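In what follows, chain A forms one complex with chain B and a second complex with chain C.
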Partner chain A sequence: MTIQLEFERPDRERALDKLRAPLLALWRDLAGLYGLLRQTLRCCLAKRPDRQAFFEQAYAVGNGSVLFVSVTMTVVGMITVMQSGVQTQRVLPELSLLGANIIQILAREFAPTVCALMLATRVGAGIAAEIGSMVVTDQVDALRMSAADPVDYLVVPRFLACVVMTTALTYWSLFISLVAGTVAANLIFDLNVNTFVNFSLVGAGDFVVMTLKGLMYGAAIPIVSAQRGLTTFGGSEGVGWATTNAVVHSSLAIIMLDLVLSIVGYIVFPPV
Partner chain B sequence: MPIHFRNLQKRFGEKHVLRGVDIEVQNGECFFVIGASGVGKSVLIKHLVGLLRPDAGDIFLDGEEVSRLSETALYPVRKKCAMVFQNSTLFDSMSCVENVALPLRMHKGLTLEAALIEAEQRLEQVHMSEFARAFPPELGDGMRKRVAIARALTLDPQYVLFDEPTTSLDPISARRVDKLIYELSRSYGVTSIVVSHDLTSIFTIADRIAMLYQGHVRMVGTPDDFRRTPDPIIQQFITGQAEGPMEV
Partner chain C sequence: MSDATRATTPFGLIVPERMGQGLLAIAEQVGGIGVLAGRLVARLVPPRIDRYELIRNCHKMGVRSVGIVSATALFTGAIMVVQAAPLVVRFSATEIIGWGAGFAILREVAPLLIALMFSGRVGANNTAELGTMVVTEQLDALRALAIDPLSYLILPRVIAMILMLFVLNIFGDLVAIIGAIISAKALLDVDAHMFMNSFLNMIDHWDFLQSLVKSVAFGTMIALTSCYFGLNVKGGAPGVGRAVNSAVVAAAIGIFVMDYFSTFVLK
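Here is the complex of A and B:
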């Protein structure tokens, strides 16, 4: 038995190493994200952000994404109404509270989360690609040589723009999906506007949860994407990987935040 | 000794790039670092201004150990030791004059207007004032390199690091850049460390040369020392022979 263990030990150590390596990588990753978030917040508080850079980024994030988000939320709004209506009719033939329920679910869940996932693909990829390209072409080093802090110069304007515009687009998403849902309800289930647009089940807590999600997702997308960009290495192939990772990891961050914020929201602001 | 790398070691993952490099650079000299691609020449000079941190060893600049300074503490080091990067690294979103004005605003704290006026004067020195309002993508490689040099010189540094300054330039632009580096050293007493493969530059303007090979310094000497050395590896490199003992 002892001899067997002697032989088994290296295998077990190798297996442990295989387990340890991704865990260490995850830990380093999370530490990097936390460090970047802390540094970004410190820069935001330390001095007034560059207004021009903020507005340029806000335009790129917000205006550049309006059409993309609008199309997506129109489809989401219509499909949600159609599916919910069909399923409700299996239990009850009455749809007068369909709108009230859907507005709540749109506000708490679909408007902020789907909108943020769309922004993660468009904005997150852009941030990672732009910063990653600057890293591999030494432009970030040139910034450091000019005494310009890359976090202050590159991350802060994108962070602030994303926080503000993701929250704004979350409200826009709710509006668009509600309009699309109203049209779908009218066409499919013959519900008139007054019956469908019913806020009786929607409370202030729903809007608090929605706003909180918009703010948190808006912070997560640029931090995850910028961190991927700043740690790019290996030329154009590295930029490609950084961009892919930015989209995947920002989306994952949004899903994880959604879980946490939904649970917290359910406890602190229970649905009406 | 104004610049001294002592037993510098740097590893990137499995690759041990610098395995104990010792180099001393004297005041006002034009010092070239040569070696095959990927041998760690750029890595070496990036350590001097804290863009990379060594795994082991020390770096002294004017007697001060700089390799363990914080990012903020490195600002004065970067003010007196400028760097011209291989790809010019101008910011595409800024005009040439704004690129040159950036270090003036950040290091010296000048207002935008004052920085732009001074930046225009710097562009004149490299004969690029007529392109002050142009954006980097509108310029050729040689012009971008000259703007990058203007940006590096804008703070009147005592030391300038050039990372392959003549790469991708036509021969005339390359010689103009060589002339600029030489004048900096001779007229203004600036100490230059130049990373280069350009044999014409090396044997025209270098005061001394260090060759890196397999993570170590193979030889330090004047251009004549290099021409005369019987070392087959150095001879293969400076004569540009494809066949020989050198492992690339």
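Here is the complex of A and C:
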């Protein structure tokens, strides 16, 4: 086989390569993600997960993020009330239905998604940095040599912990943003608690959508971040890149899942 | 806290002590960010900015983020329509979807999500870069050459981040509205003309202005936190990883706090 040098190739082929390269990289990433997800699920089903590792990770993911998530969700609850109250006042004379609508939109959209975005920032970066630095210091290869599957040993506990804790924190986010929203509605629009906290529009469908979002985001964050971590190369600089990419890609995955799940929720549970 | 002090702390004081340490750490970070901001402003008075660095950073931070920002904005616009759909269907007023989705996009969601993405991509990368320079003593090398690291390295980055987030936000708003129009057509069968009609009737320049003000506030927050944490890296390469993590977390909290204040000030 003769080696073809780069400058000998026709321009058309080089231009095509430039177009093809990002698509191929995207395809490789998606295939890698799918492979990792399949392997993780198989390991989860094949044997009982290590309980101690699970609880350690769950503590790091969940308890470590409670304060962070609470601060952001307080702000989100207050802002949602403020913005929608001001806009509703432009078209409706009174705000008695404000609470019911806000609770629905918090449950369907803001509580799960903002909480997951925050976790993607904090937890995703942590997972990628941890696994990435193990990869560049050859610790993952050492695991393979000791016949320990890195996916089983490193990814599975993080995956299970993230799924459980993201769902739990989603409910916690809804509670916190609801409390903050009630306080804000009371202070800004003089709505009393009984008028604002009105679950009449919230159905089982909203909670199904919310729980489903929590579970799916919780699965997406560790898979995307662990894949970024496991494909790290290039020393400590590479770990930095893996961390950045983990945050960006898992946030993007959350936003994409959000659109898909919102549309599914809208079709399966149509508004009453 | 060392083991020696833990041993001497009475059991009942462990929790208050840890809370106090947390508060002191937060106070130190906020104070450090404030001092950094003050020193940067002092260097603006006769502007001493490296022009080449500024342009290079603008390209690296802005142009390279266009793809991720447009993907985020397109999805965000579509999601806002999906979420506003139950409301407009309930009041059987599909013609106000342009207003409902439009104000949510412009005032809140687009600036917020674009800023979070920008913080993840650019802010984290900036912290990692500065942190690596600090642990390899490149900043000390600059000082030894009598080059002020703040005006040569930091100020161009800060200005580039604020400027580029501002520009990307305008672009992202546009893309988000396109996303909203597409999903309104697909989901509610509201055509683009009707969407734009209610959008233009009910949305005024004030909504757009709010989006711009927020993007500048968020950009300042991202720039200052990422530079502060990058400059204060301790403990070699693992320290850089920790700094990146805390920079992204601090930037997210900063963005939400800024969002709160700007929403209440601008109404």
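The criterion applied here is as follows: the second predicted complex is superposed on the first by the 259 of 272 C-alpha atoms of A that agree within 3 Å, B and C clash if a C-alpha of one lies under 4 Å from a C-alpha of the other, contacts with A are read in each partner's own complex, and residues count from 1 in each chain.
Criterion: a contact is a pair of C-beta atoms (placed from the backbone, for glycine too) under 8 Å apart; a residue touches a chain by one contact, two chains touch by 3 or more.
Bear in mind that the values here come from a model prediction, so they are computed numbers and not experimental data.
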Clash-or-fit label for the pair chain B, chain C on chain A: fit
Chain B versus chain C as contact partner of A:258, first or second or both or neither: second
If touched residues of chain A are counted for chain B and for chain C, the larger one: C
Which superposed partner A:197 touches (first chain B, second chain C, both, neither): neither
After the two structures are overlaid on chain A, angle v-u-w for chain B, chain A, chain C in degrees (C-alpha centres, nearest 10): 100
Contacts of A:43 with chain B and chain C, given as first, second, both or neither: neither
Chain B versus chain C as contact partner of A:66, first or second or both or neither: neither
First, second, both or neither for A:168, with chain B first and chain C second: neither
Chain B versus chain C as contact partner of A:141, first or second or both or neither: first
Contacts of A:122 with chain B and chain C, given as first, second, both or neither: second
Lowest C-alpha to C-alpha distance for chain C against chain B (Å): 13
Residues on chain A lying within both footprints (that of chain B and that of chain C): none
Complex contact set, residues of chain A against chain C: 68, 71-72, 75-76, 78-79, 82-83, 86-87, 90-91, 101, 104-105, 108-109, 117-118, 121-122, 125-126, 129, 133, 236-237, 239-241, 243-244, 247-248, 251-252, 255-256, 258-259, 262-263, 266, 271-272
Complex contacts: residues of chain C adjacent to chain A: 68, 71-72, 75-76, 78-79, 82-83, 85-87, 89-90, 96, 103-104, 107-108, 113, 116-117, 119-121, 124-125, 128-129, 132, 187, 202, 237-238, 240-241, 244-245, 248-249, 252-253, 256-257, 259-260, 263-264, 267
Sites on chain A touched by chain B in the complex: 137-139, 141-142, 144-149
Of all residues in chain B, those that touch chain A in their complex: 46, 49, 51, 71, 75, 78-79, 82-83, 85-87, 89-91, 102-103, 106-107, 151
